[in-house]
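Chain lettering (A, B, C and D) follows the sequence in which the chains are written, and residue indices restart at 1 in each chain.
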Amino acid sequence: MKIRLFITGGTIDKVYNQSNGELEFDKTHFPEILSRARLEVDLLIEQLLLIDSLDMVDADRDLILERCIKCEEKHILITHGTDTMCETAKLLGQGSIDKAIVLFGSMVPYAVNGSDAFFNFGCALASLQLLEPGVYISMNGRILPWDDVKKNKSLGIFHTLNP
Amino acid sequence: MKIRLFITGGTIDKVYNQSNGELEFDKTHFPEILSRARLEVDLLIEQLLLIDSLDMVDADRDLILERCIKCEEKHILITHGTDTMCETAKLLGQGSIDKAIVLFGSMVPYAVNGSDAFFNFGCALASLQLLEPGVYISMNGRILPWDDVKKNKSLGIFHTLNP
Amino acid sequence: MKIRLFITGGTIDKVYNQSNGELEFDKTHFPEILSRARLEVDLLIEQLLLIDSLDMVDADRDLILERCIKCEEKHILITHGTDTMCETAKLLGQGSIDKAIVLFGSMVPYAVNGSDAFFNFGCALASLQLLEPGVYISMNGRILPWDDVKKNKSLGIFHTLNP
Amino acid sequence: MKIRLFITGGTIDKVYNQSNGELEFDKTHFPEILSRARLEVDLLIEQLLLIDSLDMVDADRDLILERCIKCEEKHILITHGTDTMCETAKLLGQGSIDKAIVLFGSMVPYAVNGSDAFFNFGCALASLQLLEPGVYISMNGRILPWDDVKKNKSLGIFHTLNP
């Protein structure tokens, strides 16, 4: 099974910029993350974007959709900021692509103590290999379909529409 | 879905003992790991053992088998040392238990830099929720059935019998 | 030797707030830091402030000065944001207090990967025990007197006035 | 001020070997540690040994002594395993070298969670710059002269002969 991992940014890849004290993007951590995971899967990283998901515009989502359709792999992982992850999942889900696609991200950056990033990547990668074609979000240890998932911003968790 | 997590020990839970400079067991890290993972699944931890899997004897494996059969949950995770994980998986697999059971561990302790533990837990937990009844090992980002998995000790990876 | 550690905030104590994605203050990490350092010195923590040093006003600095004068210890450590650390050091230095006072902080929060915080605390604590009365800043592995220190904001380092 | 840092090994530099589950030496972490510390001091690393201090023999200590005498720097740091750090300090102290020499190490490896290594390096480096010529051990946030220091193995701390 060949897997494509699309990087789009989001909290998971933010790092501390000591010049201005802000969390910003420098480069993706996924080459390091893959190595640490001791992966024995056939996975190819491709960076599409490296932005905050609140800054994503239609053209960004169209790019993600297009790359999902056009890439040769049938199994796709997408890193994504949590704030608009459900929106992108919906666009992809409505696209009726005959591939398994799992979006994930993290509540705390990979580079910050107590991050959920490495765990979330494990959940997304394992579920991707077992799911039927469709679009899913994997967060909080669960795998939720694109048309039954919502982020509760005050709690910082993803749940079904009628939990 | 209710999930039972059986703790048996293994590298994943070892910690550095500064008195003698050895890696030993103190207590399981899983309460901390669950919290960090921001889990929204119904999971109950039960510690059966806290030992090196090279020290596991038949009575230990019988205990694991018995608890897998008797616990009320139909979905079971088991932490296990990697050295004899395949043996325990085989015993459970031959037991024909009508439950989904996933064993996992780590090559590097959770408490040591560069550990694969948190990722492996994600893989195991996510796959457990999607797998048919059966016994599986989840390591290196893959999910392998008990009767087609082997540890390559020199490479430190798990693969199928005929990779 | 009795040492007083005044907490005032700064980057060193910032943590990631997953609700808004900002680095903010929650509580000081110093109880945890002291424990990790395996200290065998007589040190008492006192939290005066927990703010960004860019938000410090005259009243805040007056409070620090007053507590330095009035506390019974002759050896004082002060955590401080780096942006205005030199200003506070100058106020204390001009106060002609007959005590050894060392200010320190960090370029990266203690809770973020690659932080210099734990090292800087070691430098500050060790130098404090050896210095004559006076006011000093300890950053980048150096100990600089209050009247010959400046932060180079573009490089993110502290140096003497004529390096 | 030019500083020489002699690496000899000890717990501080041990790493987990996932092949055999042991803590062993691979290479020193100090290039990484120096970078993380954002040092602005003139410091040169030289690796003399990379061994457990329980395995140190007379020839090893003679090498350390000789290099301390012969190197051009007047300020020397030495990483050392804690078990026989006092012995090596004694040999150097009795050598009446007219240089400031500070030995340090850690109770927990730099690469293991909760390590004291980075703090201890800070203490050693800062005190070295302020001390008169002599041989000292810096551990637990203190700086102790070679002829008044002892390791309490059961507590894992260094103290004076008559604490």
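Observations on the structure shown:
Convention: contacts are C-beta pairs under 8 Å (C-beta built on N, C-alpha and C of every residue); 3 or more make two chains touch, one makes a residue touch a chain.
Source: prediction; values computed, not measured.
Comparing chain pairs B-D and C-D by the number of C-beta pairs in contact, the larger count belongs to C-D.
Chain C has its Cα centroid 44 Å from the Cα centroid of chain B.
Per-chain Cα centroids separate chain B from chain D by 39 Å.
Centroid to centroid, with C-alpha atoms defining each point, chain C and chain D lie 26 Å apart. Of all residues in chain A, those that touch two or more other chains are 107, 114, 156.
Chain contacts here close into one cycle, and each chain has exactly two touching partners. The touching residues of chain D, counted against chain C in their complex, run 36-41, 43, 107, 114-116, 118-127, 129-131, 138-143, 156-159. Interface of chain C with chain A (complex): residues 11, 16, 18-19, 21-23, 107-109, 111-114, 153-154, 156.
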